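What follows is a set of notes on a single structure, which appears directly below.
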Amino acid sequence: MTWGVRDLTVDYGAARALDGVTVAAPAGEVTVVVGGDGAGKSTLLRVLAGIPVPHRGEVSRPDPRRIAFVPTGSGTIQDLTVAENLDFVARAYRLRHWRERADRLLERTDLASFRDRLGRELSGGMRQKLGVIMGMLPSPDLIVLDEPTTGVDPVSRSEVWRLLAAAAGEQAALLVASTYLDEAERASTVVVLHRGRVLLSGTPAQVSSSLAGSIVDVDRPSDPSLAWPRGARWREWRPGGDPGGVRPDLEDVVIAASLAVEEGPS
Amino acid sequence: MTALEARSLTRRFGRFTAVDAVDLRVDRGEIVGLLGANGAGKTTLMRMVLGLLEPTSGSVALFGSPPSRATRLRIGYLPQNLGLYRDLTVAENLRFAAGVYGVTPAEAPPGTAATLVGDLSLGMQRRVAFAVALQHSPDLLVLDEPTSGVAPLARARLWERIRAAAGDGAAVLVSTHAMDEARQTDRLVLMHLGRVVGTGTEHEVVGNASAVVVRARRWADTFAALEAAEIPASLSGDALRVAGADADGVAAVLADAGIDARVETVPATLEEAMVLAGSRS
Amino acid sequence: MLAMILKEFRQVRRDKRTLAMMIMLPIMLLIVFGYAARFDIPEIRTAVLGPAADQAARALQEPFDVVEIDPSATAETAETLLRDGDAVVAIVTGEDPTVYVDGTELFTAQSALRRAGALPDDVAVEILFNPDLSTSAVMVPALIGLVLLAMGTVVTSLGVVRERQDGTLEQLAVMPLRPRDVIAGKIAPYFLVGLVDLAVITIVGLWLFDVPFRGSVLAFAAGVFLFLFAVLGIGVLISTLSRTQGEAIQLAIMTLLPQVLLSGMIFPLYSMPPGIRWIAYLLPLTYFTMIARGIFLKATPLDALAFPYLALVVLAVVVFGIAVLRFRRDLAPARSRPVEEVSM
């Protein structure tokens, strides 16, 4: 089963948040949406999660009780313990026999020994892990996550992705918004949003090879407006092509594509 | 020329040792990245460097002397929450910092001078935060997750400014959780449980850590089999990766589970190397 | 729905400050109203002067409590005693027997007047300082203190807490600023606003309510200065104890309410049982009320007000001192603060 949106347009008053966006989230796969703030990621996620947002276009999503939404900031309740947070979700979704599943999920992470820790006493990484577990508890068909690993330490991040892999293994469809391109590299499908439009879409390999022109690795850029730093050196996009080009990775392609559309920080 | 030199820096809280005999050096013109999981001691280390916390033992030398009000004048700090006053305008924020550091205020980004910081987009707020931190031409720049949550193009533009500052002679210390950011530094310092467990370029830090890539037709079953054998795997496209595992061991587990898969050893990613460094102790 | 109810219960149970307010506040109000809120006067401090002092003193009964007998004193002494607050009623015996009553002590004055009805007709009764027993004359000086208190405590605490909430406190700690620079900068605007407030209320009070101002402006200014220091110190102290603006306001209200009820502003101090009265002596507003009423209505000189002034000095120094020490810890936690490794 594939969920998603087709030709989705969302206006907030005079501002167009999404413009004719089509994104598919197949079951059992991880789809990562990349984009800066103002790109429309959060809006897209909210529409798919079923949050009432006036929109035009088609939306295909499962029944609300089979959808989980993990917002930025994890959605955990600060004043409750880990165990109480899970209890709350279980009751809200009217789950039965959920404790065993909760235990198994907790054991995949270091949260297992912190069941009585209050939400606000958890580190950022632990809170995100709890948020993901809360989302996975009802075994939903679709899980929508808004930047689940932004600012999270690498160890916790890998634990979060293990959890997401387990969710995909249970045939849930996963739609994840992220600003980390190394995460996008590991997705089944990458969608790059920019100013409410889809800039690029496909598997990471497809997207990486979709660039017109070449990327070169230089000491000093000849055209600073088309160049950006990579460590101590520079990457530069030559739209007309260049025999000395390197194999572009996802970051190169996303930056070059953004440059092509417009210059200037978001 | 060394801007920051920490020697055998230690900080204890009661019986808990947050930072354990850490040596750290940042020279002018170089960008050093500080990496570590939570509880690794990164934050405590940074607070000692900034003069917010006194070490239990060891020394911190800023431009050759111990931290003082004079050294503070030469440090620029960009905290994670940007450190801006949302109910003041951009110009007022710049002017306040300029007054404190005794310099002339810098120009606000075009068109923003009279805008309240709280009314700006997050991306623009970040630009302003950078302007405030760099305004007094600090000799040591300390950045805490400077591009967290920022889109790729905007991130690149911010790193241009950081590179430019280093080019002008500033020593830059960046604390980060993001691999994309770690890649931009000249040298990495990896911390775990209060100690430095690795230092050098990304390549050097990874060393010969490896991962096993498993390709099978139905990855979900493969995943389940690995999990059952308590082998932590993560998804990468439609393949699975197991950090630090032995290819033969993995192949054996899969064979036992009756799964037909291709198993291959590859270099670990920086993130995997970090996780491995963590689990080693 | 059950899920929501359970969740709310659990959250409230942990929110100790709100719980404290919800439980302690009614208890506090109950105790205060039970014990402190009394309009009946248990004792009237009386001075008996003039040639027949001794006999008169012996003849006096409860609630008159004779605190001074001076056969050689005259009407002038009576006025001085009342002005300095040493007695509330002064009876001058002799040729023109007169009972002088301190008009600023409303309840006592009324109580005394009632009893004076039993006196023979040739005894005059004179109400000093507030002959019309006007309530506003007595309340306005105290209200000045209340407004300064409310504004100073609440607004100052919010100002510093906002810094903490916004996350800019950390930046300040890294800048080459001294803790005292930061505190001074923080309270300076409120100090100024406080003074402006003061001027406005005083002028309006004097003009609209016809409240007299008989004493020394300088003495009053000194009292205001000290009071503001204590009040702003409380504000900064509250801010070091609060993580959010909501918490700051809660704490501010909890310090405000006792002062309204126990400072002698509404209910006279001496009608409170000692078990409650000692609390009043810890509150800045108590002393300001004494000073303000004395200066506005009775032209009480500085030496007679030595006690409240000194008390304010002590309070200001103690409160401000603690506030600065705690604030320093926030800005430059040099030695012992355990750091939560909380990373977003």
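Each chain gets a letter, A, B and C, in the order it is written, and its residues are counted from 1.
Here is the rule we use: a contact is a pair of C-beta atoms (placed from the backbone, for glycine too) under 8 Å apart; a residue touches a chain by one contact, two chains touch by 3 or more.
Everything quoted here is computed from the prediction, not taken from an experiment.
Ranking A-C and A-B by contacting C-beta pairs places A-B first. Nearest to the global CA centroid, when each chain is reduced to the mean of its CA atoms, is chain B. Mean C-alpha position of subunit B lies 54 Å from that of subunit C. Here the CA centre of subunit A is 58 Å from the CA centre of subunit C. Computed from the mean C-alpha positions, the centre of subunit A lies at a distance of 21 Å from the centre of subunit B. Residues of subunit B in contact with two or more other chains: 38-40, 80, 145, 148, 177.
Contact of a single residue of subunit C with at least two other chains is seen at positions 341-344.
Contact of a single residue of subunit A with at least two other chains is seen at positions 123-125, 151-153.
Every residue of subunit A that touches subunit C in the complex is listed here, in rising order: 77, 79-80, 84, 87-88, 91-92, 118, 121, 123-125, 151-153.
Interface residues of subunit A facing subunit B in the complex, by the touch rule stated above, are 28, 30, 34-39, 123-126, 147, 150-158, 161-162, 164-166, 168-169, 171, 179-182, 185-188, 203-204, 228-232, 251, 254-255, 258-259, 265-266. If you check the complex, the residues on subunit C that touch subunit A are 2-4, 6-7, 10-11, 14-15, 340-344.
Listed in rising order, the residues of subunit B touching subunit C in the complex are 13-14, 16, 18, 38-40, 42-44, 47, 50-54, 69-70, 72-73, 75, 77, 79-86, 97, 100-101, 145, 148, 177. Put simply, subunit B touches subunit A in their complex at residues 35-40, 80, 121-124, 127, 145, 148-160, 163, 177-180, 183-186, 219-220, 223-224, 227, 232-238, 240, 243, 269, 271-272, 274-275, 278.
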